[in-house]
Amino acid sequence: MEIRIGLVGAGWMGKTHIKAFINAFINFGPKYGKPVFETVSDVSAEAAKNVCKQLGFSKWTTDWKEVVQDERVHIVDIATPNAFHYEVAKAALENGKHVYCEKPLSLSAEQSIELAKMAKQKGVVNYVGYNNVMNPANAYIKDLVQSGKLGQIIGFFGIYSQDSLLDPNLPITWRHINKYSGSGALGDLGSHILSVSQFILGNIESVIALPKTVIKQRPVSPGSLELADVENDDLITILAKYENGAVGTILASRVAPGRKNYLTYEIQGTEGTVYYSLERMNEVKVYFTSDNSADRGFRTVFLGPEHKGYSAFYPAAGIAIGYNDMKVLEAHELLSAVSKGTPYICDFEFGAKIDQTVSAILESAAKQNWINVRNKGGVTI
Amino acid sequence: MEIRIGLVGAGWMGKTHIKAFINAFINFGPKYGKPVFETVSDVSAEAAKNVCKQLGFSKWTTDWKEVVQDERVHIVDIATPNAFHYEVAKAALENGKHVYCEKPLSLSAEQSIELAKMAKQKGVVNYVGYNNVMNPANAYIKDLVQSGKLGQIIGFFGIYSQDSLLDPNLPITWRHINKYSGSGALGDLGSHILSVSQFILGNIESVIALPKTVIKQRPVSPGSLELADVENDDLITILAKYENGAVGTILASRVAPGRKNYLTYEIQGTEGTVYYSLERMNEVKVYFTSDNSADRGFRTVFLGPEHKGYSAFYPAAGIAIGYNDMKVLEAHELLSAVSKGTPYICDFEFGAKIDQTVSAILESAAKQNWINVRNKGGVTI
Amino acid sequence: MEIRIGLVGAGWMGKTHIKAFINAFINFGPKYGKPVFETVSDVSAEAAKNVCKQLGFSKWTTDWKEVVQDERVHIVDIATPNAFHYEVAKAALENGKHVYCEKPLSLSAEQSIELAKMAKQKGVVNYVGYNNVMNPANAYIKDLVQSGKLGQIIGFFGIYSQDSLLDPNLPITWRHINKYSGSGALGDLGSHILSVSQFILGNIESVIALPKTVIKQRPVSPGSLELADVENDDLITILAKYENGAVGTILASRVAPGRKNYLTYEIQGTEGTVYYSLERMNEVKVYFTSDNSADRGFRTVFLGPEHKGYSAFYPAAGIAIGYNDMKVLEAHELLSAVSKGTPYICDFEFGAKIDQTVSAILESAAKQNWINVRNKGGVTI
Amino acid sequence: MEIRIGLVGAGWMGKTHIKAFINAFINFGPKYGKPVFETVSDVSAEAAKNVCKQLGFSKWTTDWKEVVQDERVHIVDIATPNAFHYEVAKAALENGKHVYCEKPLSLSAEQSIELAKMAKQKGVVNYVGYNNVMNPANAYIKDLVQSGKLGQIIGFFGIYSQDSLLDPNLPITWRHINKYSGSGALGDLGSHILSVSQFILGNIESVIALPKTVIKQRPVSPGSLELADVENDDLITILAKYENGAVGTILASRVAPGRKNYLTYEIQGTEGTVYYSLERMNEVKVYFTSDNSADRGFRTVFLGPEHKGYSAFYPAAGIAIGYNDMKVLEAHELLSAVSKGTPYICDFEFGAKIDQTVSAILESAAKQNWINVRNKGGVTI
């Protein structure tokens, strides 16, 4: 059996998706059908053509509608800039396709909820690419939390900081303009930490946020003296109350000097603490109050075959997995779901909950007040 | 010349103060007068007597008023439980003494402001024991900030977590009851991180806080089945806006598993970041965007003779200073101020500003709203 | 153009090689011909058949000679157990094939030198799979050394420790028997650290070693009460003199509790030090004496686009590469060499030098004396 | 009761000793007699006079013989340059004094053995200042080893590196000339790591060493163009066999860029590993194979009241002790021994064993061969 894939968006992320399908198959296959690359579209004909040739698609186009309407395509894979996710995903659902949409699902809670409901109705596989959820470290940590090994959960303290946009000479892009991005560091980076939080602790009840735009204007193009306004947060700090009674803090920044891919979080419970940093992707730090007190301390646990997902790559602990391997696990889960109906985590409802939270955070920042998450988007998911 | 000290409170902290005076003298002396230990008082006659003998006081008493009225005493050193600081400090000032008061100055912004004004009026040395300020690491970091090496400051992210009160079997103490403590983890631990923040970044403008009492009741005595209510925060999370435009988050907890003396903070500027953790007291991590990009990363700088205060202890870098050495530097600064009129940082005004911030944080937690710090205590300092 | 590959040995390492070819092509291609998988052989028909199907070979066999004689095959890829490398590589060379041989080249310096000479004579691409050499971290470190940024090199201090064979209940395998393995931890793990050392510092002049067999006997099969002798080193410590005047220590162990993939090394020069650990694969620690002394410390540099090889995977620093990515870079270098004649590092001569060093180490351990490396194998390479 | 101390040598180390006595008394006293500072001698009258005044001695002299002959003196404390230790210690023993000698005991195994025998004969307290032995971390680690928690010991891997003498412009001193120093980094730094090794693992059986002089000549005085030869090791690497069957490596360097006070060691046993670095003095890393494999990793244990010696300073874990605190524990052990006859570790025999090992290491370096430790100094201790 073949699983035929149509790709919308032939940039770095689109290629990353296709490479992930290839590696999922060579690591896990042939447990399920072989991914076959049917059509690729991009607004740039050259980009589409190159990806077509390099990664072995059957054909290419500059019209994404051809992809969603292609009868041979089983999965529509959306890797466009964020502002187009909603429209393409909706059309793909309308054509009865399975949909694999890079995060975020849309730029608003309303649209994301609409897509989640529609996907449920259609009964297709609907997958949103919060790849960090698939990190074997997070599966291990969720297990620590759910097994009760950390006791009752007290708090979640998460950060996702980078310095990718620290340089004030970098020109303005779609990321700085809300009609294209929805928000700044919050949607780009904060949503990843929210995905981990949603996965492990469940729903956030209410939030209050303090954003900051550090670089208020940027050149309209490299080297230009003409400046345009940055409309959204370079940095945002958030307090959160979880439905399970835990408290939380979240920090997202795209202007944090020295922080490269600093997705970190700490979860404290009454019987232990766990800490993780994506910059040291292969190690989890965990502390158990039950250890003998003279010998008690944070343990640095290297990922290994005991941790779900890892053994797809290596037979022994401590051999480093990398970022792309998270995407491989994501592609694997998706291919399993499509070919065998296995359950998966990051469905559109999961994505819509994150967008509800993002929406509440933005409102709390604007109103400088605590905002409930549940009714964002006009509906409770 | 002798500098004669009267001590009120002969517990662990009182002894720590006296040991610090002794070591200040043997490390820095004889640049100034020799500290001489005149009178020690404690509600426990035995405690007073023991300290008198062990540390070489001339006499002891159970009546603290004898200390503040003792004509031979130059400095009244207050190391009682927090609830008594105000009364003793006030009486000492009324008697024209120099006052060395362990933190906090009092349990309310009002009282602290009163003491600060009174001390200024009297013209005596007035010192509050925020010992972390004296850490050579903090002097180095303040210099990094003030020299502009980190650019314009964006944010301050501070934590002080311990697990000292995590065990639910530990009985209730004065720390859990507001009339004795004012607040929970906030006043006990959070105030230390506030002191560092005040020292390096200056005033906080407004705050909003989310507290949590994790262990809601505790035995009235060890092993007792009778329970009493814990009245204050085991854990508190705070967002802050600084007067200089920076944003901040602060977390304080006395129930954080595995965190022993986890006072950490990160300061990000437009040209660099600095990170510090008291658990690794002798190293500062600093990142400069100006470093050549291929070789750029956080530097782990070990404290050494270039960093103010360190050379009192050791002639070369990397030889570990310890917690007590911060108190030695504090005692040294105080002895210098008394004998030579040198300037010092942690005066009563400094302490009152921290108590104003604590007061605003408590109000923000109660009202679930942003609160301005300035007018707490009914007056602007 | 196609580059047709014949694989000898269909175990974990063989599959790892083929996956590396696939990923090299999808990351770097189509700069060179597409790797095509022609024939796979294994003593196990089932293993050969499975790999044939899963990874897309045209045919399979149980007779490796069919692979080396296959006229369609351009590259013979050898991933058998170590003891068979020599025979297969020799036959492949005799048939005029390019050869990609997993490390080590053979079990003796003599045989490796013979292969190296033969390969040079034949003028084919001859590549030995010391994958750590291809780590972008090592390329960066070699550049630090060769550029003179660390001054004159004083010493190299390397370790490769694992605890994979710590459990005494694990049965005896070919790794414990010298006619199959040549040596123990030395050949298995130590050779990797020697490859890095050879790459960065060049030839070792003389060595003295102290080996230790910690678990002297093992069950002949899982759970058996019958025991067989372990013939070689579980752990070995080595002193080394380099031709460039530097001194070195090397430690290799397969019985080091808690060490999972602990390949670490430190290189000290008169103007700086660099440290690396494969367990934290994405970060290099480097210290420059030229930094301003108050701000001087080891820098934690995350791998990024400035470091050779990294940008094949990610566009920004701090996104984790993993172990397999080293094999991808190796496959890339090999495919480039075959299709475009580009130079490469890990040729058979490079591999033979490592085997010469291993041979001298074993002799030094037996004779308990310093041994010169150069004349091992009866000849100077 | 008073314990009267006479100090020979009023430099930094002499003052450090006296401060340690003062702090031992104020931390542990009055369990034993009060240390009283009777006489201080130094070749520099000014140094002697200053220490006399600052630290409260009764009198001073430039003639050390007055100290050892002073009838009021109970303990002769020797803190001269190394070359004078033997002569002063011998005279002190002849006068029946307790002797506290800074390390090393002498510059040769012969002289140290002579002192050890003489001290035993005299029945006095004889203490050599290997302060690292008194570190609470080492007491904890020794307990881990001796309790069998790490299984059978396999290896000891120790380093003591600094960069204090890396700068080639620093002029020649007594440390570079063998008649004053005996050896270079080996005696100065390596002896400290040997002391820890001797304390925890016991005797070394045989050694082989490779030394290196990195900076072969130095100015005779600061800025001078006249150069003098450096006679001894800037760096030395050593392989060792222990009497208990373990193997070891030792590295000592005074020219290791970035290493400030890098005394580190790792002990591996069949059931666990422990690692320690003095640069992070308050934490010990320990790994137990008995931990559940999914949650297994090195634990970072902060020193606390459970670890011997720590509770003298602080009531809770994670409050940093510093370098001087090791000297305080040393002074405490000595005062206990003198006043109450309690046992102690670092006696002259312990010191002589280290000097025997140093002697064997030097011989092995000269002869480039393995040397037995036992018969160094012409006798077996």
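For clarity, chains are labelled A, B, C and D in written order, and residue numbers in each chain start from 1.
Everything below uses one rule, namely that contacts are C-beta pairs under 8 Å (C-beta built on N, C-alpha and C of every residue); 3 or more make two chains touch, one makes a residue touch a chain.
Source: prediction; values computed, not measured.
Can you list every chain in contact with both subunit C and subunit D?
In this structure, the chains that contact subunit D and also subunit C are A, B.
Which chains contact both subunit A and subunit B?
In this structure, the chains that contact subunit B and also subunit A are C, D.
When subunit B touches subunit D, do the two copies use mostly the same residue numbers, with over half shared, or different ones?
same
When the C-alpha atoms of subunit A and subunit D are each averaged to a single point, how far apart are the two points in Å?
55
What whole-number Å value describes the gap between the mean CA coordinates of subunit A and subunit C?
For subunit A versus subunit C, the centre distance works out to 36 Å.
In subunit D, which residues are in touch with two or more of the other chains?
259, 283, 296-298, 302, 304
Can you check the complex and tell me which residues of subunit C touch subunit A?
Contact set of subunit C toward subunit A: 12, 18-19, 22-23, 26-27, 29-30, 53-55, 162, 164, 260-262, 278-283, 302, 304, 313-325.
Subunit D touches which residues of subunit A in the complex?
Subunit A reaches subunit D through residues 140, 283-286, 288, 291, 293-302, 304, 306-307.
State the interface residues of subunit C toward subunit D in the complex, per the touch definition above.
150, 154-155, 157, 163, 166, 168, 208-210, 212, 214, 235, 237-239, 241, 247-249, 251, 253, 255-259, 268-273, 287-289, 296-298, 368-370
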